[in-house]
Amino acid sequence: MSGVKIVTIGGGSSYTPELIEGFINRYDILPVREIWLVDIEEGREKVEIITALAKRMIKKAGLPIVVKMSLDRREALPGADFVTTQIRVGQLPAREIDESIPLSHGILGQETNGAGGMFNGFRAIPVLLEIAADIAELCPKAWMINFSNPAGMVTEACIRYGATKRMIGLCNVPFNIEMQIAKLLEVEKSRIWVKFAGLNHMSYGVEIFLDGEDVTDQVIQKFNEVEMEGMKNINSINYEPEFIRALGVIPSFYHSYYYKKDKQLNQELEEFKEGKIRSQVVQKLEKELFELYKDETLDIKPAQLEERGGAYYSDAACNLIASIYNDTRDIQTVIVKNEGAIAGIDKDSAVEISAIITKDGPIPLTIGELPIAVNGLIQHMKSFERLTVEAAIEGDVEKAILALTINPLTPSDTIAKEVVVEMIAAQKEWLPNFYK
Amino acid sequence: MSGVKIVTIGGGSSYTPELIEGFINRYDILPVREIWLVDIEEGREKVEIITALAKRMIKKAGLPIVVKMSLDRREALPGADFVTTQIRVGQLPAREIDESIPLSHGILGQETNGAGGMFNGFRAIPVLLEIAADIAELCPKAWMINFSNPAGMVTEACIRYGATKRMIGLCNVPFNIEMQIAKLLEVEKSRIWVKFAGLNHMSYGVEIFLDGEDVTDQVIQKFNEVEMEGMKNINSINYEPEFIRALGVIPSFYHSYYYKKDKQLNQELEEFKEGKIRSQVVQKLEKELFELYKDETLDIKPAQLEERGGAYYSDAACNLIASIYNDTRDIQTVIVKNEGAIAGIDKDSAVEISAIITKDGPIPLTIGELPIAVNGLIQHMKSFERLTVEAAIEGDVEKAILALTINPLTPSDTIAKEVVVEMIAAQKEWLPNFYK
Amino acid sequence: MSGVKIVTIGGGSSYTPELIEGFINRYDILPVREIWLVDIEEGREKVEIITALAKRMIKKAGLPIVVKMSLDRREALPGADFVTTQIRVGQLPAREIDESIPLSHGILGQETNGAGGMFNGFRAIPVLLEIAADIAELCPKAWMINFSNPAGMVTEACIRYGATKRMIGLCNVPFNIEMQIAKLLEVEKSRIWVKFAGLNHMSYGVEIFLDGEDVTDQVIQKFNEVEMEGMKNINSINYEPEFIRALGVIPSFYHSYYYKKDKQLNQELEEFKEGKIRSQVVQKLEKELFELYKDETLDIKPAQLEERGGAYYSDAACNLIASIYNDTRDIQTVIVKNEGAIAGIDKDSAVEISAIITKDGPIPLTIGELPIAVNGLIQHMKSFERLTVEAAIEGDVEKAILALTINPLTPSDTIAKEVVVEMIAAQKEWLPNFYK
Amino acid sequence: MSGVKIVTIGGGSSYTPELIEGFINRYDILPVREIWLVDIEEGREKVEIITALAKRMIKKAGLPIVVKMSLDRREALPGADFVTTQIRVGQLPAREIDESIPLSHGILGQETNGAGGMFNGFRAIPVLLEIAADIAELCPKAWMINFSNPAGMVTEACIRYGATKRMIGLCNVPFNIEMQIAKLLEVEKSRIWVKFAGLNHMSYGVEIFLDGEDVTDQVIQKFNEVEMEGMKNINSINYEPEFIRALGVIPSFYHSYYYKKDKQLNQELEEFKEGKIRSQVVQKLEKELFELYKDETLDIKPAQLEERGGAYYSDAACNLIASIYNDTRDIQTVIVKNEGAIAGIDKDSAVEISAIITKDGPIPLTIGELPIAVNGLIQHMKSFERLTVEAAIEGDVEKAILALTINPLTPSDTIAKEVVVEMIAAQKEWLPNFYK
């Protein structure tokens, strides 16, 4: 059958209209035949709203794309070419726990770093491994493209333990950084490319090219002069110029959690005291968005979605899918098996890295050794990621305590233990592996 | 000429009587002919006191060992078989700065970790590289055995950039841990051995053997039941049993700085507020010791020396020297070039590791991959060590700021910058590389 | 100045007209401003003939490319964008020795393998290192692109010891293999790409893609059915199907020297007995070609050049130059520093590998571990290459004997010694390093 | 129960009396309680003869060792402390095929190298994996010590795929080389030790120590002056001095198959033409030995056994067992998992290497990178070994052809195929995996 079949698991996400828009905009290079929006029973209402909106958007665009909804992924998967996964197990209530329990113990509550990220991983990993198994069985030639957070740990889990080899992790941060570097240089994004290497939310722009010329030093210079904006959901960063010059590469937005531990933590703690938690802001935003989405006259992606964060997710995803489909062999940044591309990281581990995108999947560019200053932190986080994945799969509380203790943001084994014990209790319903 | 010639650089150290005692006790297996105690002009008084005491001790022991004093190492080195280096550049005044400036910025002030250790390294590394050059020139077959702190960084520097290949780093911590494990198991130390792997002040007992049988699990069990004492100069540690069980190996005393960041830091900050700094305690102790040493009736190592910390330094050093001299090929823990013994650490980097001690030097035992939980932190610290060594040699302030920023105990690049700038100013006289 | 300046060292080569044709055909994407044809005094006559022909060809094409000739590369280099090196030190007389002395001892006489290749390397490496030094000094931003044989060893030498980092080795074999695989599949070459990995004249097509789909198994199947032609200067190969199926990758033409040692050697020995040596065939061909080139009415590349071997050299070279110039980031096969792309090979060694070609140079695709069956031979040849490079630079006869002894085609250390001693004497004039 | 229980599988071997003598001589340090001699039904007569002789030897020695015979290893294994395996599947008739079919195709017929070694491995590996499984089940704390040839491949198989982790490969060659180096230096063997690294029958003495001092250069010098004897079953070798000096390490006896391919092959082919095959010589020797063994008045190991080859097997085996039993931690050369000890070889592969022998097993000394000249051949042979092991276990004929083709001694894929096909047919009864 001609045309591409997309299955989007977690189709009821408020981000989905962006994805739909992405497919509409790229129809000439990516002729989508069917989009299946899949969600679970608890998400029925949302996915129904999104499905209706998606249909209106496609109708408005005048394209022959069929949109279907399903509450059973096994019904949707057969024949799929691409399966995108954008789930959040436990939804915003779970995220609220991720953010509040750690903060109540005085440690960072961020949904992709520290204790929050760990528990987000504990909830997501078993479900995504099940999805991978279904894909391997029902549509083995399909590519599984995951944006669910924490994308680094999820990809680590799926690459090591998942049933399909055709799994790629994706995050919008590298795309955003490229956008901002383009802005910094005051050029079109198409004229630059950044060689990324590291882990998800922990990759560095190790070399930056403008019209093919290496302009890394120039970007570092400008980076020090102009304050980079950060993304909507990250606080703006303002590094010491001496530090960045000696570092010699461009850090990611999320590096501020490690290079400015105090500032980030204090800000969160203050907001927490004032009762502000990001998950609640997001909950409110989501509510407003779905109110908009329900409006039967709406047939485009509403501008308000951009405030939700996650900018360029759709571009990153649709570009990746289009390049695989067309065997474009262009360079994009993805989360894939290392295979030796970055020296010193286990060949079987997931890394976030510049790769060429072929019909047969991404092939990472050879990076070699990371700068010394960068290698240590990345190895540290990879140990944390690997232990978290093992604890998630084994449902091993002691390993969870170990994982959190070795996290560089954790003050002590004692606090790690307290937080883990409390969160495992609070999130019991989403952590079946820990209650076997 | 028969018999062994020892040159002790930093001979005016208050620890030297312990070393002398070690040589006296091992005379049957290690026939020392001459001991040269070398110090610098500023240490003349101390080294004169020590030399006199050493002579009395040897006389009392009735041994034909000649003790000589020199303020010029180039006079002492020719013909040496072993050169021990136990220097502290800037003495206790510099240590006081190492401990107080960081604490005044709210970060750890410990002379072998964090900012204190970094500046200790900045002062020591250039001097030890000069000593290594003199050894390579004047007594190229001699073994340079360094106990000067920070021993890990110093060995990293000498192994990578030093003129003699015959350089070994040594620390008393592994010996102490073995003693305490023996105590825990209620057996003689000779019945156990611990396979150590990691970095200095950051090595783990990865396997423990009693009468040749692996008793690691049993030791972990006991470790959790009984509180280990720690060494005199380290606060006692009390890890969460779940953490240690999942870790599966025995941490070093200094790991508490990383696994109990908050407790260690708060205790130091409190003492700092109360005006207690370890360097001042030590200064007082030293004064008292030298008062004792001056007593012309004293002809043994005084018991009070044991309170000074550094227990078993002499045993560690004399055992190492005796095993090289006798080609004993027994297992000891030393700081040497990795050469692939520990997977993932650069082959040219220094590691603290179990090795067999031959006349031709130590050969590390093959360790393979470290446990995942351990690898990350070790890689992180190795990045810090390597950058510190580079900054020390290049006298590069920005690299110093980078090194301190990436240290896992540092709260931010901003504090790193403030502390580095302040300390480079305060320690100007001992940091010529930074003022070239 | 706009437009590209090319300097071709060894411009008097009979291949040069092909290169000129390549530049003419790609003028729209690669606007060449100047081509300098450089040779040495001994090659004056040839380079004059070639220069005249090149001028006629460009005139006929109606392009504003200026062709210049020089006998002094230091005159030609300043301002160069690309320097191609296609030298043969000692010309065909040296090659005749490469081919005849080994055969007279009953071992392979082939100019890129075994003893012949080794001595070809001994002559070429010092000269190419001098050229690299001149480039680094006179046109440091230029790319040095070497086709001189033995390209693998030459690149190993230049990458490890050369003064310019902007050096790329190039061979026409991978391009030829792709052409033949396209023929095998009966498709346009543009529809396939082959992932190559290994060493020069020893790389394998490890994966083959048709329209982006992996068709490796299908190609292996066809490879076993149809006899591949080989290139003009290589005997056709006919492997056992069982062997190729179990190998699972596509060997290079030159692999027959290793997988069919007996057949290749016997055929050469027979021809040698009959007085046929390839260098003499080539000498005759060259003579005829230069007769043609002299013809002042000739203003295109004559068809007879194709019989000379070296097909597609020009395509390989011009494509590489055009992709660097245009920052095309397409995949080509080049000889570059490994940097970890192929596991198990030293990161600083040269490998022949698929890479994306950027304005900043090639970035190798990550290959990971080679198939077990392939790794051993490649490691073996890399040891031979590395020792050969060391012997060439150091002028060390014993190391030369060692290198030849460990070559898998050499019957014994005794024959290696005899051949090395005899050849060093016979080629004295071109081996100054061995006569220092 | 006090005392050690030994089970010797292949107890009917003519070598067994040497082993018995070894245990008798070391009774003070290795108090053996029981020795079980196990063989298969076909070997009943031999094992009965050996058992009777062993009993007489022990009676003469006046020791309380019980000797038992069994034709069922599962009866013998329970309670064993050490299981030695010295089997030869197919006995000398199979060996005769190993030696004659290859030679009839003009290629080497040697039972541990080339095609002969490969088929020896095909027969032995499945049986030894079954033994390993029985040990893991019936006496999991026992050490399996294998001398069966080809010891390198067998250990590779057992380490990767065997059920017990307590498996060590052992060969008498390193011990012999040490003996001969001692002779060369005219000193007692106890005064020297050799650091070995490589593969079985392919390890090098990379450093040699006399009284702890490095005397490698001196040994190389003498090695070149005096012709080393080789062992009884290996032709004497006479390398070119230039080759050995540049090599810089001491090759093994078996290296002559690779560094003197022609000489070794021609000698074998000549003897083959004359009807002399080693297996027949051995068969005659064996017959004579068993005639002697039957003599009821014989109660010591007869001197004639020494002509059989395999000198010092008993010393190597009994020393290893005694050092494990006593946790001696001395250095011996064993075949064990690499674990990173030798850089560049897979960490899970078997290597022959100097190791300290502890009660918990051998710990390899860290070797680091092998000399370049040595690395290539070793990697090549390891590829051959690994493929052979895979082919043996999978019973894959094509993989067997591939393995033999890539062997550096094989002239072509065609001969490899012919030999493999003919041998698989000729040895059908011992190759069940290839006939599933």
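Chains here go by letter, A, B, C and D, matching the order in which they are written, and residues are numbered from 1 within each.
Assume a residue touches a chain if its C-beta (ideal position, glycine included) is under 8 Å from a C-beta of that chain, and two chains touch if they have at least 3 such contacts.
Please read these numbers as outputs of a predicted model, since none were measured by experiment.
Among the remaining chains, none touches chain B as well as chain D. Using CA-based centroids throughout, the chain positioned farthest away from chain B is C.
Between chain A and chain D, the centres computed from C-alpha atoms are 55 Å apart.
Centre to centre, using the average C-alpha position, chain C and chain D are separated by 44 Å.
In chain A, no position touches at least two other chains.
By the document's touch criterion, interfaces exist between A-B, A-C, B-D, C-D.
Listing the residues of chain C that touch chain D in their complex gives 239-240, 242-243, 245-247, 259-263, 344, 372-377, 379-384, 386-387, 390, 396-399, 401-403, 405-406, 408, 410-417. Per the touch definition, chain B reaches chain D in the complex via residues 195, 207, 209, 211-214, 327, 329-331, 339-343, 347, 356, 358-360, 363-369.
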